[in-house]
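Below is one structure, written out as structure tokens, with a few remarks after it.
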Amino acid sequence: MTHRIAILGASGYTGAELVRLIATHPAMRIVALSADRKAGQAMADVFPFLRHLDLPRLQKIDEIDFSGVDLCFCALPHATTQLVIDGLPRTLKIVDLSADFRLRDVAAYEKWYGQPHAAPELQAEAVYGLTEFYRDQIRGARLVAGTGCNAATGQYALRPLISAGVIDLDRILIDLKAGVSGAGRSLKENLLHAELSEGTHAYSAGGKHRHLGEFDQEFSLLAGRPVHVQFTPHLTPMNRGILANVYVDGDAAQIHATLAAAYAAEPFIQVLPLGQLPSTRDIRGSNFCHIGVIGDRIAGRAMVVATLDNLTKGSSGQAIQNANLMLGVEETAGLTLAPIFP
Amino acid sequence: MTHRIAILGASGYTGAELVRLIATHPAMRIVALSADRKAGQAMADVFPFLRHLDLPRLQKIDEIDFSGVDLCFCALPHATTQLVIDGLPRTLKIVDLSADFRLRDVAAYEKWYGQPHAAPELQAEAVYGLTEFYRDQIRGARLVAGTGCNAATGQYALRPLISAGVIDLDRILIDLKAGVSGAGRSLKENLLHAELSEGTHAYSAGGKHRHLGEFDQEFSLLAGRPVHVQFTPHLTPMNRGILANVYVDGDAAQIHATLAAAYAAEPFIQVLPLGQLPSTRDIRGSNFCHIGVIGDRIAGRAMVVATLDNLTKGSSGQAIQNANLMLGVEETAGLTLAPIFP
Amino acid sequence: MTHRIAILGASGYTGAELVRLIATHPAMRIVALSADRKAGQAMADVFPFLRHLDLPRLQKIDEIDFSGVDLCFCALPHATTQLVIDGLPRTLKIVDLSADFRLRDVAAYEKWYGQPHAAPELQAEAVYGLTEFYRDQIRGARLVAGTGCNAATGQYALRPLISAGVIDLDRILIDLKAGVSGAGRSLKENLLHAELSEGTHAYSAGGKHRHLGEFDQEFSLLAGRPVHVQFTPHLTPMNRGILANVYVDGDAAQIHATLAAAYAAEPFIQVLPLGQLPSTRDIRGSNFCHIGVIGDRIAGRAMVVATLDNLTKGSSGQAIQNANLMLGVEETAGLTLAPIFP
Amino acid sequence: MTHRIAILGASGYTGAELVRLIATHPAMRIVALSADRKAGQAMADVFPFLRHLDLPRLQKIDEIDFSGVDLCFCALPHATTQLVIDGLPRTLKIVDLSADFRLRDVAAYEKWYGQPHAAPELQAEAVYGLTEFYRDQIRGARLVAGTGCNAATGQYALRPLISAGVIDLDRILIDLKAGVSGAGRSLKENLLHAELSEGTHAYSAGGKHRHLGEFDQEFSLLAGRPVHVQFTPHLTPMNRGILANVYVDGDAAQIHATLAAAYAAEPFIQVLPLGQLPSTRDIRGSNFCHIGVIGDRIAGRAMVVATLDNLTKGSSGQAIQNANLMLGVEETAGLTLAPIFP
């Protein structure tokens, strides 16, 4: 059975990545694509790398007939998203890739995103989309909120450790290196090749990055008490990939065993042997997450390093994995592509 | 039906690319992998990006039981290759990715590669592997010789034009920009990130590049007279992709029409509208070749630009396309992955 | 003696490069910097790499007191430039880095830049700024028009050959690879790191690039007859550097001898031994131009390759070299920095 | 007065960087260059970017007449270095760029470098070359040991804080991002453009990196008690530059004030306003070090970020700064070049 798919916001990188992945998906067919400012154009004009595909022309959202759509991916900017989704038919399954439905508490949303939430009743309905940890709820959900790409990476490294109580909750530090596609197709000086290609720098440092809202929510829930981590992301001269170094107080062998056990049956989470560390180059373009653990020379300190592709496992691949669950399709369908190297 | 596949020389980039593509191939299964110096290692140790796959351990070639193999990809260095293939069972289908069987004339081989050919009788049997132009012979072949990646790119731009007689055969100039993975996993100073990343330069200039042997052979055969082109490749600070600018004397509209007609039914060759030109970023990781044509302000001059991924359409993807034909599988099987962008 | 310098348009890459070079210039001191939209800011806020320098704050142009200025570099966008320069004191020496005064013929200006010239009398006064070939006029000039960076590179390869009559004027083809800083600090999708870093492509192809106006003007003047070249620039994934491959009909040895003789006494133009070719990595950040010559296997065909840094010798370094002449300072002052490698 | 300079090991990146900087140094002249395997070659053959300079031909070390040399830079591999320096005339001033004389304690040397020290009496004589903190000793020294590039970056961030007692000595964590030129011109797979350009990864993690020997030595000495930091370096897809994120427990404002005061009179160390953070792109090719401080949302935690160019301030620039002191030349001579951006 082929499910009919719409993608709203198809002119951005996550929209294009959805199209790339669905192109070889055995049970999905794209029937509608939206892009407000580029409505009327062919997808091949916006993204020539997709020119071999037979795709519907870009439309405005209100031109789409949703009666012929089974599931809708929503890859719109935050704030806009909550208004758009509020206007969609209640019968439609929705996987949202924006930040609008990630935080259960509307006060937290307002704190991190600087404005009140316009659709709090939808917020209440939304399921947090970190597949491996919310599988059952996602299966039955109508609206799934995709996680932040940095937030996903940090959580893969940390959730089993917090659940198992094997690390000190007050000394968690995430130093994260992110490729530039995570910033989207936005026209900013620091994203220009001339400025980024030899320029590594921190951004949203000091506890200001919005994905901290997700860390706070999820880690506190797991721990049953407030947990606040330190988190510094860095813009790094590469296109895809996130490498999260998570520094913790705990025993490396126990940490490794905990992670290995937690992910033993997971198709996309690969825990490397103790002492081996992953590289962004080895997960590019794929839905895999590689995790490594190493102890420090200082007893009782360890580092967990998780890496994934921000556009795939961190965003569009995760969205498809969730959609598979919602549609009753094999969870890994369309997502088994190997990484691309070099 | 699943065909049993061996890959000789699996520790290089083209070997790894074969594994990446076969991983999602519906009718191939890898049963043996060789790498002489790394025999005994797991593929995941050599290429961590493949660690999610269940693959046979690396072996020495003489440890492989070829009785359980239907088709063998040979991704070994040239010169070595002819000796190895000479020792393989005569019943085995072989797709060779080296330069050893590309030139029909052993004298030409000796001229371009600097040593006599050691297996001239195999040379006689080999079919040149530019799929779109040798489909019928490939279907019935036992040994197919994959083309050079630069040679493939230039030929896609030029073959229909030479056949149709719409360009001046004495004024063909190919200025080609190549990503660094085409040089393989070789340890040379000019391939280091520190030296390449801001360093574009020509190599094998002045008519010395070995792929000229293929151009001479194929173009002369098509034209029924000797054809010699000018050809300058450039090492460019990117990993994958070849962009061949082919400058010709001829009418742009006629050239475009000729190419569009020649490739109208081809699944992997995409001719852009007249006046549009392709970019390497749009074919990365895929088996597609994009071709554009533009006329010059000087009447009677035109430029044809062809781009493909050297590791895929230029090498391992081409090899699988040929293997599909030899095995009676759908020609596009395993090769419909969309390019990866960004 | 220290000359007092103003830079108009100091918030772009060529403006910043002027500041970088003047910082160690023995006879220049910056007394005014303009940037209309960033007036009031410190230079260190716009370009943190200059924060160690004691520089005047950015102003609007009409806030500058030009009575205290000896020479003004004008790094403004074209079209704006002619209006601004028209309003400056007649006594001020000016080196313009825009395109506004490069073309002597106002009809040619209108053809290539799409609008009538607003200051034709200034145009008449301007001297073309390719230092090595206009030294005497530049020395006495009040207004010097810096060349296009691509135009400079092509001319260094070709001018002595046209003057000497050693190549066929009807078969000149320039295939040029340009780093992205040549596009300036402009916010365009194809300049983003995510889109450029694996994406080589031609632009303004087919005889549309504006620097052709300079080639036409200069080469025709040298030859005493109309000369029209083919010219295709390519955006290449690097920040600085232009590599111009110039394909000509002629004898390589004679071409090499002609160039070597022409540039024997030039401090910044280096002709490599016959058969050696230059790389962009070897001139980065410097005022040097490296030129190589190689013959083709086809008799009577040759390639000249010239490389320079578009921001230095192709623009701001050239401007300072011209300013040195205009101010009676040693021509090489402030310009002897070695390239930076790696 | 011009001092006569020899450079041993001139065929590596730090050797070439010394030549680049000395080329515009007002008081130094290179009289000898050594490179064992490339003896007899011109420097321009090994490093074409230096071809405009009039340099002595490369020699073997024992061919050099040291009687005409005032000061010798030694840029040889560690272990070799101690043997070579042991054989040089006792009257020669030496600035060593290797690791051989950085650790005062020969047991520490053996621990970190895996072999006994062969010249312990020279070790005793050597002065640690972190200029800003050893100025007086360096002025009178005969042998100065240049610091590790990572070690320098971390120390600039931390030394004044340890001296002032404003941070918790048991919770210091350095997460460092390093450009690839720090690995030298070594032929390793992970330094290839194809493997590094999209591949960020940690190396020597878990307390194994040799520069920890310097951190331990210097920080313990300053604190008057053992201090052990956590330190993870990452290979980052860029050529030059180190960004050290130093996470500490302390008050951000006090930390910032301490650093600002400590470096107020330093010509090369720039402390940014509180809350601003530096980028590697802003110090490239220069002898400057930029330092930023930001507090975390968690009270009592802060981050200090220091950035410098590993080849300049981290190695060859530092060496020249020290040589200037040893020779009685202005400390900043030859080192005031602005960074290069973009």
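Quick notes on this structure:
Per-chain residue numbering starts at 1, and chain names A, B, C and D are given in the order in which the chains are listed.
The working rule: contacts are C-beta pairs under 8 Å (C-beta built on N, C-alpha and C of every residue); 3 or more make two chains touch, one makes a residue touch a chain.
In this text the structure is predicted, and so the values were computed from the model without any measurement.
Distance between Cα centroids is largest for the pairing of chain A with C.
Of the two chain pairs considered here, A-B and B-C, the higher C-beta contact count falls to B-C. Mean C-alpha position of chain B lies 39 Å from that of chain C.
Computed centre separation for the pair chain A/chain C is 45 angstrom, with centres defined by C-alpha atoms. Taking each chain's centre as the average of its CA atoms, chain A and chain B sit 36 Å apart.
Along chain A, residues 13, 179, 181, 192, 194, 196-198, 237-240, 278-279, 281-282, 284, 341-342 each make contact with two or more other chains. Those residues of chain C whose C-beta lies close enough to touch chain D in the complex are 13, 16, 19-20, 23-24, 47-53, 181, 197, 239-240, 270, 272, 278-279, 281-286, 288, 290, 336-342. Against chain B, the residues of chain D that register as touching in their complex are 13, 179-181, 185, 187-189, 191-194, 196-198, 237, 239.
The touching residues of chain C, when paired with chain B in their complex, are 171, 173, 175, 177, 179, 192, 194-202, 205-208, 212, 228, 230, 232, 234, 236-241, 243, 245, 247, 275, 277-282, 284, 294-298, 301, 303, 305, 342.
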